[in-house]
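Here come two complexes built around chain A, the first alongside chain B, the second alongside chain C.
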Partner chain A sequence: MLRKSSWLIAPCLAYMLVMYVTPALIMLYSPFQISVESGFTALGEALVEPSYQRVMMTTFRTALVVTVLAVLLGYPTAYYLSRLPSEKVGKYMLLIMFPLWTSLLVRTYAWIALLQDSGVINSTLMSANLISNPIRLLYNSGSVAIGMVQILLPYAIITMYSVMVGIKPRLSQTAQVLGASPTRAFWHIFLPLSLPGLSAACLLLFIMGLGFFVTPALLGGRRDMMVGTLIQQQVVLLGDWDSASLLSIMLLAATIILLFVYSRFARLENLVPASK
Partner chain B sequence: MKLFTKQVKGSITLSALIAGAAGALLLPATSAAAQETVVVADAGGAQAEALAAALYEPFEKESGIKVIADHTTAIGKAQAMSRSGNVVWDVFITGDTDVALATQNDILMPIDWNVVPKEGLSPEVAQTYAAPSSRYALVMTYNTNLIKDPPKSWAEWWDTTKYNCPRVMRNVPIDNLEAAVLSSGVPVDKVYPVDLKLAYEQLDKIQPKVVTFWDSGAQSVQLIADGSACLGTAWTSRVTAAEKAGQPVARVWNQAIVHQDYFTVMKGAKNPKAAMQLIAFAMRPEVQAKIASRLGTLPANPKAQDLIEPASLKYQPKPEDLSKTMLSNIGWWSTNMADAYKKYSGWLTK
Partner chain C sequence: MNIASNTPRVAPWTAWFAHGVIAFMVVPTLLVVPISFNGDQYLSFPPRDFSLRWYEDFWSNDQWLHSAWISLVTALAVMAIATVLGTLAAIALHRMTGVGKKVLLALMMSPLMVPTVVLALALYFFFARLQMVGTWSAVVLGQVILAVPFAVLNVHASLQGYPATLERAASSLGAGPVTTFLRITMPIIRPGILSGALFAFMVSFDEFIIALFLAGPGETTLPVRMWQTMQLYISPTIAAVSSMITGVTVAVFIASHALRRRATRRRFAERQPSASKATKGKGRTLVRNSGGWPGSGKLMSKEV
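Entry: the complex of A and B
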């Protein structure tokens, strides 16, 4: 029955093939156009280029930091929601989804308005005489993390919630009936069962974090340049498609390696909320 | 990077055109005879507004040719179009460095100087592949609330004892390397070839004071206006827009680094005739004067200078200001661009 209707996905597949796979391949092929050897030589040079290495390191470090923060903030929220009766969850979910309906750019500029020297936070603190000079809140890795966590948090909550909601309350209750304290029941029953959701959220956020562009460009300082900004410079300002492509290959390879490592420990399907 | 693109009055955007085309397909009965069009790529922001009012609208009225503006001028996009063989832009309005790159890449069509009047233009700017738009500059900026005695040179801009406050600079090497060399006391006529060792020594000195490196023109004046920095750098058109909006931002003309904007036509453009007509229209002194009046730039045609609106003269450099500026050397940049960018982003992330 399922087999017979599999043609239903054909239009979507065709669309993705034409609109995504083909252009991506053309882009990635760019450095190898002249010859395969020269392409690999260029890739080798790009890998050892100190400035590229630093930007890659910043990119991975930032993605890691925001992933950890968003998951730490999201886990208790997702836990709370998953223990609520399902008819009450809707309005909370609406609140969680709400930021996703606002443009990422608007939200990033809102952070500038809040965090800048003459911004809401500094002027409030100064008028309350708590500080005499504004605190530098903007243009550092901290402001980048704040902005990115805010954007990624809904994804963290929703991914973890979808796994947690499938964990029967009865299991923890049984543990408690058998003498476990609520804390013990959580650590031994609930947490292990929620791990697929936790790891899926980590991977999803990390990969999304790697590709951030506007937020670090606007909220970060000079050391916070992420690979997205570098790729944009190569294309828009220099018209250097080959370097942009090499950086994209490096980013893509890192993402594929991560997915591979993840698949050794957990099922990739966990990344998709619906498949629980 | 253009973060915000604004729909400009009187010109319709590409997406509107696509929507219109879709509508026309659905309602064939309402479609009129094919109207001649010309697609123009401009830089968006203040420039796009000035061009819409001073060039696109009057040109449409006079010629009956519809102007479609795309506010994402970028050499990368021009190259991509050229590679794909589907050249959407006809006129590509861009800065001198992009013109040098585009000429090297052979993606431009020669200007038809039989259609475009050469009269009054100096030979350096009336090029084979480019007709001059206006001249702008990268200037020192300052917050007028925080700084009462603005710096008179890059050396003073660099002086952290005299101005012990945060700075902002652009995140690419163009103009920053020149400013760095000038800050060490090198005279304006000895800047090129840029002494890279000296430039980076100077950049190292100022780096701890730089709060951030701006990426878009909007940011450059915003950071000064909101007091995140007291001294900065910005393009003159952005400073003019900020001044007109009453923001506490002002410029210093001394040692400004002057650039030339150009009109070019893409090789493979679908409406080359209309493109040349538009550029010919743009060479008229009254059109150039209107654009320059709005942006505080300098028109390429000297005749246009006499037609500048009196209220706009204060945004323009006076002859004595101009004598203190320097011209960006595009020849040096076009051969050193890729290396300079790599080295600069290496320095930036250090």
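Entry: the complex of A and C
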């Protein structure tokens, strides 16, 4: 019966077309409603608008910084896990999956509780008489980066681990039997083989980093505003739908261009390890 | 060096480093729990005096309780819709091949790659035309889009290595399509459906951005109320709310893990030969090593 079961996709497909594709098209079309030229003029003006440019620059810079940090922290972790015997990996995987299940607002709140002036870190340092006045840890680009890296790490580790676990330990061992030092074996054997995972992780984290909303809004100061927050403010606070849709189009375009470039030299399936 | 061993030695610093990184991922969130039992107005640590006042604050506040109720009802509705749509789609996708399958799968998975703010804005425009912004149904209908990928992934994964011959056998013995589905297909994919449903529930329960854009004042979900409160001041009541949410999350997490373990055990017990072959062939899937179904690892909604 499943042989002729293609029609079973119809309800889901219809739902996605009505509730997902149509709204996306409405949003993409909205700047061009009056005329195509005026739409492109508005888009061009938005691209050179200094206040938008500043937010876009912050967005790209933050996404880049947190991608690099999360990959630097995640790579050795994924490497360690991929070299463990498989019966030991399970409990580590549970710990890595746990943050993905935990509410995003709860995790962001935890950072506020830790980092604020009267928070855990400052009150601990002060009661230990190490400092006399609280250090300003919150509402700057540093606290945004810490919060974002913590959220991105599970994705970094899972994406890289799923590639690394397929690299046979024997390859590095063989290199070492043939006289390579462990370091040389790593750089010449393991690292090149792990590159698909590394590049997938970089792309995934960067794309995710561009779209962050909660963390920069709650952990950052005014100057750390990212495009997601700007979009929300334009709609909810200012009622400026046109700017919001122009900014969304820019954000979406950046995402699609990145995915397209990536798909030229790697398989997009790498991005969703669980779908393999 | 021991060549016979299949597990190589790694540099000791890697182990320390990995443990440090994992602690960084998990510990800060858990610190909310001791903070919530703090009697002080400030979030001091270690807590000065033990108190349940912030929990009382939550349970005696109608607004918080209403939000918790709304979140629960919304999550159940999203779970029901996403599970039905996703299960049917996964069964269909399992039998498809070629470009059509690729395109459809990409469409179903794409909500995970689109920035949620953009999706929320698109839905806002859409529902504004229908005069539905600020309604509960708009929130549910929007969140389903984020939950569908997880339902599809989980059921699709549980169909991997599922022998088509079983169905042919059933129909050749006279079972109709419905009987075949209920008696053959359903029992096999049930663990996938259940874990997909749990994911869908959690996606909606945690979902914040779509709810922020679409919910009216009467439908404020728990995350939206937390957000609104945090905009005003850092109330320790949020620590109590956070601890309770984390408690529920841990319970669901353990339930889904138990589900996976049971599914794996049963699968191995019933279909030893094909199951072990299927596992060997998938050296690169992650979940083999965490003791469960491929794909049951939660790639949480990328809402950030």
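As a convention for this text, the second predicted complex is superposed on the first by the 255 of 276 C-alpha atoms of A that agree within 3 Å, B and C clash if a C-alpha of one lies under 4 Å from a C-alpha of the other, contacts with A are read in each partner's own complex, and residues count from 1 in each chain.
The working rule: a residue touches a chain if its C-beta (ideal position, glycine included) is under 8 Å from a C-beta of that chain, and two chains touch if they have at least 3 such contacts.
None of these values were measured; they are calculated from a predicted model.
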Legend entry - Overlay on chain A: chain C relative to chain B, clash or fit: clash
Inset, instruction - Give one of first, second, both or neither to describe whether A:V214 is in contact with chain B, with chain C, with both, or with none. - result: both
Legend entry - Partner chain in contact with A:Q116 - chain B first, chain C second, else both or neither: both
Legend entry - chain B or chain C, by number of chain A residues touched: C
Inset, instruction - For A:T102, decide between first (touching chain B), second (touching chain C), both and neither. - result: second
Inset, instruction - Have a look at where A:M225 lands relative to chain B and chain C in the superposition and call it first, second, both or neither. - result: first
Inset, instruction - Figure out whether A:L193 sits in contact with chain B (first) or chain C (second), or with both, or with neither. - result: neither
Inset, instruction - Determine, under the contact definition given at the top, whether A:V236 touches first (chain B), second (chain C), both, or neither. - result: both
Legend entry - Touched partner set for A:P50, first chain B, second chain C, both or neither: first
Inset, instruction - Identify the partner contact of A:L64: answer first if only chain B is touched, second if only chain C is, both if each is, neither if none is. - result: neither
Inset, instruction - Check whether A:A180 is in contact with chain B, with chain C, with both or with neither, and answer first, second, both or neither. - result: neither
Inset, instruction - Once the structures are lined up on chain A, find the stretch of chain B hitting chain C; candidates are 80-88, 206-214 or 332-340. - result: 80-88
Inset, instruction - Determine where on chain A the residues touched by chain B overlap those touched by chain C, and list them. - result: 105, 116, 118-119, 214, 218, 232, 235-236, 241
Legend entry - Interface residues, chain B side, partner chain A - complex: 1, 3, 74-80, 101, 105, 171-172, 207, 210-213, 215, 219, 226-228, 337-338, 341-342, 345-350
Inset, instruction - Note which residues of chain A are touching chain C in the complex, please. - result: 1-3, 5-9, 11-13, 15-16, 19-24, 26-27, 30, 73-74, 76-77, 79-81, 83-86, 89-90, 92-107, 109-114, 116, 118-120, 123-124, 148, 150-151, 153-155, 157-158, 161-163, 165-166, 169-170, 172-173, 176-177, 182, 207-208, 210-215, 218, 227-228, 231-232, 235-236, 241, 244-245, 248, 251-252, 255, 259, 268, 271-276
Legend entry - chain B contact footprint on chain A (complex, rising order): 49-51, 54-55, 58, 105, 116-119, 136, 138-139, 214, 217-218, 220-223, 225, 229-230, 232-241
Legend entry - Residues of chain C defined as touching chain A within the complex: 1, 3, 6-8, 10-11, 14-15, 17-18, 21-22, 24-26, 28-29, 31-32, 35, 42-46, 84-86, 88-89, 91-96, 104-109, 111-119, 121-126, 129, 141-142, 144-145, 148, 152-153, 156-157, 164, 167, 171, 176-177, 180-181, 185, 202, 205-206, 208-209, 212-213, 223, 226-227, 230, 234, 238-239, 242, 245-246, 249-250, 252-253, 257, 282-291, 294-300, 302-304
